[in-house]
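For reference, chains read A, B, C and D in written order, and residue numbers begin at 1 within each chain.
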Amino acid sequence: MAVNMSGEVILAADRERVWAMLNDPEVLKVCIPGCETFELDGENTFQAVARVKIGPVNARFKGKVTLSDIDAPNSYKISGEGEGGIAGFAKGGATVRLEPAEDGGTRLIYDVEANVGGKIAQLGSRLINSVAKKNADTFFAKFAEAVGGGTVVATNVDEAGTAAGEGS
Amino acid sequence: MYAFDYQRPSTVNEAAALLANGSGAKLLAGGQTLIPTMKQRLASPPLVVDLRDVAELRGIDRTNDRLVIGAMTTHAQVAESAVVASTIPGLCNVAEGIGDPHVRHRGTIGGSLANNDPAADYPAAVLALAATIYTNKREIAADDFFQGLFTTALEEDEIITRVSFPIPERFGYAKFPNPASRYAMVGVAVAKGPQGVRVAVTGAGQNGVFRATDMEAALTNAFTPDALKGISVDPSLMNSDIHGDANYRAHLVTVMARRAVQAAAA
Amino acid sequence: MTSTGIGVPVRRREDFRFITGSGQYVDDISRPGQVYAYFVRSPHAHAIIKNIDTSAALNAPGVLAVFTGKDLAADKIGGLICGWMIHSKDGTPMRVGPHPALALEKVRYVGDHVAVVIAETLNQAKDAAELVEVDYEVLPAVVDLARAQDPGQPQIHAEAPNNTVFEWHLGDKDAVDAAFAKAAHVTKLELVNNRLIPNAMEPRAAIGEYDRGQDSYTLYTTSQNPHVARLVLSAFIGIAPEHKLRVIAPDVGGGFGSKIFIYAEETVCVWAARKVGRPVKWTAERTEAFLADAHGRDHLTTAELAVDSSGKILALRVKTKANLGAYLSTFASSVPTYLYAPLLSGQYDIPAIYCEVDGVYTNTAPVDAYRGAGRPEATFVVERLVEVAARELGRDPAEFRMQNFVKSFPHQTPVIMTYDAGDYAACMKKALELADYANFPQRKAESERKGLLRGIGFSAYIEACGIAPSRAIGALGAGVGLWESAEVRVNPIGTVEVLTGSHSHGQGHETTFAQLVSHRLGIPIDQISIIHGDTEKVQMGMGTYGSRSGAVGMSAISKALDKVVAKATKIAARCMEVPEDTVDFNDGVFSARGTNKSMTFGEVALQAYVAHKFDSSEIEPGLKESCFYDPTNFTFPSGVHIAEVEIDPETGVTRIDRWTAVDDFGVIINPMIVEGQVHGGIAQGVGQALLERAVYDSSGQLLTASFMDYCMPRADDLPSFNVAMTNTPCPSNPLGIKGCGEAGAIAAPAALINAITNALGHENISMPATPQAVWRAAQASVRKMAAE
Amino acid sequence: MTQVTMIVNGKSVTAEVEPRTLLVQFLREHLRLTGTHVGCDTSQCGACVVHVDGRAVKSCTTLAVSCDGSEVLTIEGLAKDGQLHPMQEAFREYHALQCGYCTPGMIMAAIDIVNRKGTQLDEATIREELEGNICRCTGYHNIVKAIAAGAAAMGAGEFRQAAE
């Protein structure tokens, strides 16, 4: 099931520092909800393991994260795909842009397009938008904390695209 | 299902001991969500701790101005309880609307609250009624207990023992069920009591149960359905899925709130 | 007539075992030494299989084998087939991609079969299935039917460019264009016939077994037509020749079409039984049923109706895209073509009709026949158009229909069918009366006082069932004949066993078929048994679907009974020493006219077997007759359903207040069972109109893969139904029977949507009319009302 | 493996089972009581309904080990001494079943409704109380009538062999 999200965060650090942290596997590991490992695996690629807990559901996703379209310190695209075994899979990407903000801070603007499939889509579609938003909020809250403060300005979930049988 | 070990302790302390040390054990408190999840292999606890024999988790009592319900009390027991009917009759209706008769014979109030499904009925009632959740370690106010989607204040080895409700002047719950699952697509609980007027909404929000403060203010002025005219929740904070989008859910919150007030007045 | 004969609401004989928990469904059967199959399914809608590594799974505890498509191919096991050839407008045959039981190079829908793990226990099979490592290269998926044929879309099968299986048409385009050119009024609608998932309550299941000593196979399977399964598995898939393959369909828990088809799972189980040397059992979990049972409906249609200034319908033009899913299922191609367009004349005298249908591949589960199969889709088109046309013309919808009804029979439509008999106005008048149509305005006003919207809607449907004759359908592309067989075995003491090729999975054949025998032979029903569902007992049969068992299956029994009575009459004459033409047979007694001689049926049966009293060079001993009955025409049940709804505009919730159904099924064997069929059909039609829909997301993930999200009709979604009948006997079969199994599902959706749109005051609503959809539409109505 | 003892249809049974064994698997596979069916994985359809200690539950959502010491009644235990339970009779009399697959769960649920709501049941109550049982064949029309009649027959007392 496709999820599209976009949002903005104002961070209390300058663009260079934010950029550096966006490229730091240790920082990313701390910020990604449920992340257990996040290790450099090659140029701009990482191996990651994350545990996803949604109520009684408890699944472990293993996969690869890649940074691309790198335009330091302005923007990159972070993409990943993970296999959750019986639970299914998740894949997606986010373009992240940094702009200078007032008081020496940085405005982080992101656009996420994610897809989940397998059992979690088949059985949990009612929760997917909410979980995606919660994970995004958690990530940026932690990231803001890591860079020394910040505020989430907006997180918007677009209506998920459904094709066959759609109607309302 | 994956294989697991099974224990059936008879006291809360024994149960807590089994949960300790990050064992990954899961409590079985009716199992109406846990077992289907395990059947799908989406959960694989190494140990299941069945609370059915823990006598201290049972019972429904009225003490002074409070109604106290043991954590392992089933939805059916609440629905049929003369004590509940004579103190917070609307709570019988909440319990009677959960799942279906067979589910109500197994599912429990403690299990429901610990799971905190964003579409479950009890969280709205407990939050609106400003109940207190007692655990083996402490007591937690409803406002502190619910922390978003499937998240609660409970620690890993913490067990809900009972729920204590201040007896309100009025309480009502109105639910718009998802036509397929019969979970709440929108459920609104409205209470007027010692803590003032409180309105709690389940099923609709992106992050689980929440209080509708604008509605509370309006109902504090006048506890009538009409007081809610023109008051709505922000659609951008509502969930959307194939059954209903955020705008529809936001609209239903107002409709169900009006009906909950009506039910409370009845 | 006996108390258990034709027309009596005899209580069902099969019920005892079901109400005591003694039924034997496939999953209730355990074969000695049986092991369990679990299928590894694709989580992707469209992907290349780069590699499958089964080594870890093979080493897991309890695992006997792990098979992939390559193993089937190595054994020369063929793919699954589609048994109806459709030709496109340009004369070319439909373009069909291969359908291996286990995927070879590619997977094409979520749930597609990639590998099978066979282990000692089901849990072990599931554990090991998680260890099968499949390396997929994920491809973009085609999910949106409206755009699937566009240039540049991903190609699902190389054999079918632009994902187009066929571009078929029926009717006279020029005549239709000419009629539209002179029409006084044209009504045009864009219609979605929503995709449904059949969900018989018993999930599909199979046990394959191989007997090394006899070199023969047995397959227990949830089938509506075990002989067709055997034929396909033998002749096309190549499991074993028919005499070495026994197919048993024991008690089957509902089918609704979904158990007609020959699927991957039973194919693999029966094949694997020999490979592993043990019986192999598979039972679908409900989510597997959602993913991999054939779905139903899923049409996008543009339809136009031309009407002259007097209100006479001149012509109908229809353009439909039909989603066939990722592979062609067993009868997929016939459903949106010959089971659809020939029904577009409805109950109306329409001089010209033209219909175009594109059959389209998408990366979704295969789509095939589901209760009604093409006829609900056709009825929805016709009955929505007619209703809306009446409203646009300011005509009463009932009266507009009656003006245009076919009034004389036989009636040749412009789309193949020759309607043989009916009295459509009689049905309509009876329905109007039962529905208390005259007082609808008062009820509407009463609802409005409560702030509720009330609406009433009609559906005057026709269906064609007992699909036939074989020669004619062969000319239309069918790969099989659609006759039915019966064998009547009379035992020496006069009890009777009837072997039928029909299959009962809820229809009550063990009762109704026995009623026919009881009626004809004048013996009590408890002396009759009906045997079906086993290819070793019944020689050949075509099974049960398309409301054919009464009209075709019972006609075969009737013809066989004619032969039994004829022979028994001869024997009775010899025994009583009277001329044959003086012997009458009534109520189970042979009597010689003008004498006091008589013999009971049982006495004659005994004489047939002892063979002492006749010359066996003239009359063979024994009493057993059979018949293969091929009908001479379809039967045309028809009826009028009237739905009345009340809508809460605040929430969009639709409550069905009344449902009136008046159906003409010709001669009725058991009214209780017929009414039950109508009830069930209506419920499924209501499900389609209000509740049910399969939803795939844009990447081809099925979002409605459990009862948590796929909304099945429940008791509190439905009212009690007011069901009545009219009876014009069918002239084309010996019993005068029409079919009744699908009528409700055919009639209901249009009636309900017509009622809802009537309540809302505009036509802009599609199926399912969920509360959200109705609320949105009601908001528009409320605004409009406020403005007026 | 865990030992479990329960009384099923009046007879005491003891078995060693894996904790993950569901009650329905225990009934169907260990005891060969195949009248209780499985129709879904998500606890909606009710084909698996049995009574545990006098209450209807979904045996597909109940662990066998959780029923240790309990009394279980299944469809096979309803008829006594060859005499059908009045609810079974009513289902046959009112043609409340077609394919029969949901029927055992439906009958067990029906008796549970009577146990809770009494023998005089109106249509609205019956429809509401059937929320946890899905039938795909009958459209519920005759099931509703059968339950009303079966309830009344239970009330008439002639066959008042309590379900439990």
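To be clear about the criterion, contacts are C-beta pairs under 8 Å (C-beta built on N, C-alpha and C of every residue); 3 or more make two chains touch, one makes a residue touch a chain.
Bear in mind that the values here come from a model prediction, so they are computed numbers and not experimental data.
Participant: Can you list every chain that touches subunit A and also touches subunit B?
Facilitator: Correct list: C.
Participant: Centre-to-centre on C-alpha atoms, which chain is most distant from subunit B?
Facilitator: Result for the farthest chain: C.
Participant: For the interfaces C-D and A-C, which has the higher count of C-beta pairs in contact?
Facilitator: Greater number of contacting C-beta pairs: C-D.
Participant: Would you kindly tell me how far, in whole Å, the mean C-alpha position of subunit D lies from that of subunit B?
Facilitator: 28
Participant: Give, as an integer number of Å, the spacing between the C-alpha centres of subunit D and subunit A.
Facilitator: From the centre of subunit A to the centre of subunit D is 48 Å.
Participant: Got the subunit B residues that touch at least 2 other chains?
Facilitator: 1-3, 38, 40-41, 181, 242-243, 245
Participant: Could you list which residues of subunit C touch at least two other chains?
Facilitator: Within subunit C, the residues that touch at least two other chains are 123, 130, 287, 695, 703-704, 706-709, 712, 770, 772, 776.
Participant: Could you check subunit D for residues that touch two or more other chains and list them?
Facilitator: As it turns out, subunit D has residues touching two or more other chains at 20, 41-42, 44, 131, 133.
Participant: Can you give me every chain pair that touches, using the contact definition above?
Facilitator: A-B, A-C, B-C, B-D, C-D
Participant: Touching subunit B in the complex: which residues of subunit A?
Facilitator: 53-59, 86-87, 119-120, 123, 125-131, 133-134, 156-157, 159-160, 162, 168
Participant: Please give the residue numbers of subunit B that touch subunit D in the complex, ascending.
Facilitator: 1-6, 8, 28, 31-32, 35-36, 38-40, 48, 50, 52, 76, 80, 99-103, 105-106, 181-182
Participant: Subunit A touches which residues of subunit B in the complex?
Facilitator: The touching residues are 26, 33-34, 37-38, 40-45, 115-119, 148-150, 178, 181, 206-207, 236, 239-243, 245-246.
Participant: What residues of subunit B sit close enough to touch subunit C in their complex?
Facilitator: My answer: residues 1-3, 40-41, 176, 179-181, 183, 242-245, 248, 251-252, 255.
Participant: Residues of subunit C touching subunit D in their complex?
Facilitator: 11-12, 14-25, 27-28, 30, 123, 199-203, 251-254, 256, 285-287, 505-508, 672-673, 675-676, 679-684, 706-708, 712-716, 718, 720-721, 744
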